[in-house]
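Structures given as structure tokens follow.
Shared between the two complexes below is chain A, which has chain B as its partner in the first and chain C in the second.
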Partner chain A sequence: MNTSAQISNAKLNRRLLKDKLFTYAIIFLAFLSSVPLFLILFELIKKGYKQINISFFYKVAPDTMEAMVAVKNNEIIPGGIANGIVGTLIIVGMASLIAIPVGIICGMYLAENSKGKFAGVVRFIVDMLQGVPSIVLGVIGYIWVVKPITAGFSSLAGSVALSIMMLPSIVRSTEETLKMIPGTLKEAALSLGVPYHKTMLRVVLPSGISGILTGVILGISRIAGETAPLMLTALGSAAISTDITEPSSAIPLLVWEFYNDPNLVDMIWSASLFLLILILCLNLTAKAIAKRWKVQY
Partner chain B sequence: MEASSSFNRNRSKLMNSEKIFRYLLIGSGVLIVLIAIGIVTTLFIGSIPSFKEFGFGFIYSTDWNPTQGRESYGALPFIIGTLVTSVLALLITFPFAFSISLFLGEYFKNGKLPSFLRSVIDLLAGIPSVVYGLWGFYALRPIITDLGLNAQGFGIFTSSIILAIMIIPYASSLGSEVISMVPGSLKEAAYSLGATRFEVVKTVIIPNAGSGIFAGYILALGRAIGETMAVTMLIGNSNKIPTGIFDLGNTMASLIANQFGEADGLKYTSLVEIGLLLFVITGIVNYIGKLIMKKLSA
Partner chain C sequence: MESTVLEKKEVEAEVKAQPYKVNNMMQNPIEKIESPILNIDKLSVSYGGDKYSINDVSAGIAKNKITAIMGPSGCGKSTLLRAINRMHELYPDTHNKGSVYLGEEDIYKMNPILLRRKIGMVFQRPNPFPTMSIYDNVIAGYLLNGIKLKRKEKDEIVEKSLREVGLWSEVKDSLHNKGTFLSGGQQQRLCIARALAYTPEIILLDEPTSALDPIATAKIEDLLVKLKKDFTIVLVTHNMSQAARISDYSMFMYLGELVEYGKTKQMFTMPKDKRTEEYLTGKFG
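== the complex of A and B ==
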């Protein structure tokens, strides 16, 4: 009697111990996963802050010779990433101009035809587009724009590649948001005699604007750091280039260039730090919008 | 009379814009379909010359030789490199992603700590690939070298570690969602029978949420397969079949990134064909993931 109680007690203790160990392991591993983020941030800030000054924002990237002389004299490398900033603004801006209208309208279409057959096909394709590797879109940008249209590398080609990349997230966030908006709102507008398109554009769309905006900003932050497709399309340029049919630089492309040039290594960190801060700000904005103006009824 | 005609004019104008709007809606859907068809046909047409030259041998040939006159291209080393790197990355990610899913979906659903962890995961997803590559090159590579795993610290293992960190957000987010959706009544039934939390996880949560967690890993695998920059910077870019996980290698995406710029002729179409293969492989992997998810919600 006594021994059986002891045995079951020991068994219980073992079960409880297992439970405890498992819980600790979960907590430990979950937080261990957040370590790389801080290591990366620390590394970027430690090595990158020195280079960030005012000229960093308005001067173009230095050439190898300038950098070599500066490094030799133990000075900060002159120059900045202005060509990258302007390039990123133009490329990402044009990509948004292409993707946002198409994405929102397509999201509206999917939300309005949730059961249609063709809508199902479109939804499936949007899902598949989401998974296309960015480098493949770079190849597409090259074949569609670089070869036939601009006859050479161009920021337009980069924008086309990136616009396909950001399209799925805009479509899906628009669809998801609009689906949450109650049908009564639409019916109320329609019953007052408001035409269908005005109902959609002036009543339904504005009430979901925060969700859509969140999707758009997340889409932008997703493409702002993309390097691979731009290597095959925008290529890079030493000067500030505002002609969309000409090659252009972008911040991630500059990081790649600095990485490949031993004399410019010191510039990598500041350019990456700037890029990372830019993307983090976009993410935080998206989060703030989603939280502040939550779509709820 | 006059009023009625102006009414009719307005009405027809209205009907017109109504029609235009409807066409616009469908048109955007058609455009998406056209983009997808365009991508597929473009890749197909681009790889025709290479296919004519090498046929299906392209897929299992191990040669990548751009020397003029003896040009020969095969995709096998890169297909193997891609699969090994991404599967290894998934294996490394697994314990971490699973812990995060359980942490956020079951153990600590609300509060400051989980919302902190959630933000960290979101931020991890936001770091550009090229920055991961830099960090891998300057911070991780020396460690690999010190451990004596690879003389220069490059290779499949190094890139897999970085890939594993990169896909943590994708692998964990779907999992935590499905875990948090496991019905409370099931868990309570198990608790009332005297189960510990670990036993609840083992016997209730995993059987219930398992396929959703798995779907998340498949989608993360799709991510890893298509990842370019970080891998290019760390894998060593050798064109041979890797002999082990510490060996150098190359992936399909990284090969395109490296060689597309200067390519023309046969090499160019071979690279486009590699792009087509990469597109097909990620397509299949993502399709499987979606299929599992669909079964889940049905």
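== the complex of A and C ==
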């Protein structure tokens, strides 16, 4: 009796040890996977902080001569990325304006008709869309908007391309969120004689607001850093451009331009740092909303 | 409230005194109700195809009484109840034969919005609107249908409805908190208040207490008995003693058919149909 108890004790200890080792291994690996992010941040801050001052936010990108002179005199490069910030705000804003209503309505349709044939087709297409390379969406924007509508590169074309890109995340998050909402909620409204469309818009949708908003913000953060589709659509612009039928700059486009100009390479770091922080903030906001605004049924 | 207790004792005494005997089999097991508020006329409902979930149901619903619908699971109780305010039409392939008359009006020819204003519904699980305050939940019928009310009218409706369900004193200081923070029983009373606030003539309840504990259940039962003064109540219940305690009339359904319908006391003491008797004595179901 006694010995067998001891044996099983020893066995148990071995198992507990294994368990512990396993847990530590997982923690270590998880830590390892977050190392790149910190390295990137560290690198960007180290190389980019000098460039970030007030004029960074309100001055347009410097031309190569200004930059060359500054570099020669060992000064920081003058100018900022205001044309990129404004461009990104306009392009991403318009893309959201297109994609949010379409995506939410589409997601609502999928949640309501989860077994329908047409819904199956739509869901398949949305999944496919998720996998379309962004440069291809740029080509689409070029064919649909640049050539026939704005007769030249334009921020509108960039918005169209990016709106297609953010659509899947909105559609799927709306669908998943609405599917989780108990059907009794809808019944409660309908049993009060509330018409179907009002039930959906004023009862069901608000109950899923946190999940839907999370999807929207993740969609925005996904497109905010996109470069390839904008090269074929918004093209870039040295000045601040608010006309949506005209070419426009964007923060990621500026990073690419700085990379291509030997005199401006020092600007890469600050512009990248700003973009990265912007996207990190969006992600954190999404997380906070998912937590804070969660509706309890 | 006292009368319920009495009634309960009476029924139980009678049940004990008389072992079920099948009374005159020739008697029609469906009692005719004089001047009913609602008349169900040869109603059959299908969720699609030729299979009917309820078949040829005819019954009058007595005004200002509680009518209980009983029967084994899947016999069509919910289907019948939902057909009365057309909630079954949520499922796309439903079709029905026969009809239901509210007074002289065929409900299937009425505007469903008006119909549901006259016939309210309370569900098995409490379902207050999670994004709305207690206050807004009570007047949700008005808010969501875009019916404008003055501040004073709203206050009056909210207070009156919450008093009627006995929730006023419990929540009067937290009217602007979310309704979902209440206990299950309080939530269910809030849902009843929401239905009452919309001034229906009839309230349909589908197993309103099956998700609640005994104390909350007792509160709701008392409430229903009190409410029948002003409203007509139709209640689906799995709980036979609940039906015996609070209902005036009872329906027994089996396989989509209305087998027996009559005064509750009568049905519990002298069921006319063999299947009712078997169900009430727990031989099946």
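In this text, the second predicted complex is superposed on the first by the 263 of 297 C-alpha atoms of A that agree within 3 Å, B and C clash if a C-alpha of one lies under 4 Å from a C-alpha of the other, contacts with A are read in each partner's own complex, and residues count from 1 in each chain.
Following the convention adopted for this analysis, a contact is a pair of C-beta atoms (placed from the backbone, for glycine too) under 8 Å apart; a residue touches a chain by one contact, two chains touch by 3 or more.
Predicted, not measured: the structure shown is a model, and the values here were computed from it.
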**OP:** Answer with clash or fit: chain B and chain C placed together on chain A by superposition.
**Re:** fit
**OP:** Of the two partners chain B and chain C, indicate the one touching more residues belonging to chain A.
**Re:** B
**OP:** Figure out whether A:Ile268 sits in contact with chain B (first) or chain C (second), or with both, or with neither.
**Re:** first
**OP:** Could you look at A:Pro195 and tell me whether it touches chain B, chain C, both or neither (first, second, both, neither)?
**Re:** both
**OP:** Using the touch definition from the top, say if A:Thr64 reaches chain B (first), chain C (second), both or neither.
**Re:** neither
Subject >> Touching partner for A:Ser207 - first (chain B), second (chain C), both, neither >> reply: second
**OP:** Go through the superposed model and pick first if A:Leu129 touches only chain B, second if only chain C, both, or neither.
**Re:** first
Original post:
After superposition on the shared chain, which partner residues are touched by A:Pro182: those of chain B (first), chain C (second), both, or neither?
Top reply: second
Original post:
Minimum Cα separation, chain B versus chain C, post-superposition (Å)?
Top reply: 7
Subject >> Where chain A meets both chain C and chain B, residue numbers >> reply: 195
Subject >> Contact footprint of chain C on chain A as seen in their complex >> reply: 182, 184-195, 198-199, 202-203, 206-207, 209, 295-297
Subject >> Touching residues (chain side chain C, partner chain A) in the complex >> reply: 85, 87, 90, 112-117, 120-121, 123-125, 127-131, 140-141, 144-146, 178, 180-181, 191, 194-195, 198
**OP:** Going by the contact rule at the top, pick out the chain B residues touching chain A in the complex.
**Re:** 14, 17-18, 20-22, 24-29, 31-33, 35-36, 38-39, 42-43, 46, 95-100, 102-104, 107, 117, 120-124, 126-135, 137-139, 165, 168, 196-199, 201, 219, 222, 225-229, 233, 253, 256-257, 260-261, 271-272, 275, 278-279, 282-283, 285-287, 290
**OP:** Going by the contact rule at the top, pick out the chain A residues touching chain B in the complex.
**Re:** 15-16, 18-19, 22-23, 25-34, 36-37, 39-40, 43-44, 102, 105-106, 108-110, 112, 118-119, 121-122, 125-136, 138-140, 142-144, 164, 167, 171, 195-197, 200-201, 221, 224-228, 231-232, 235, 252, 255-256, 259, 268-269, 272, 275-276, 279-280, 282-283, 287
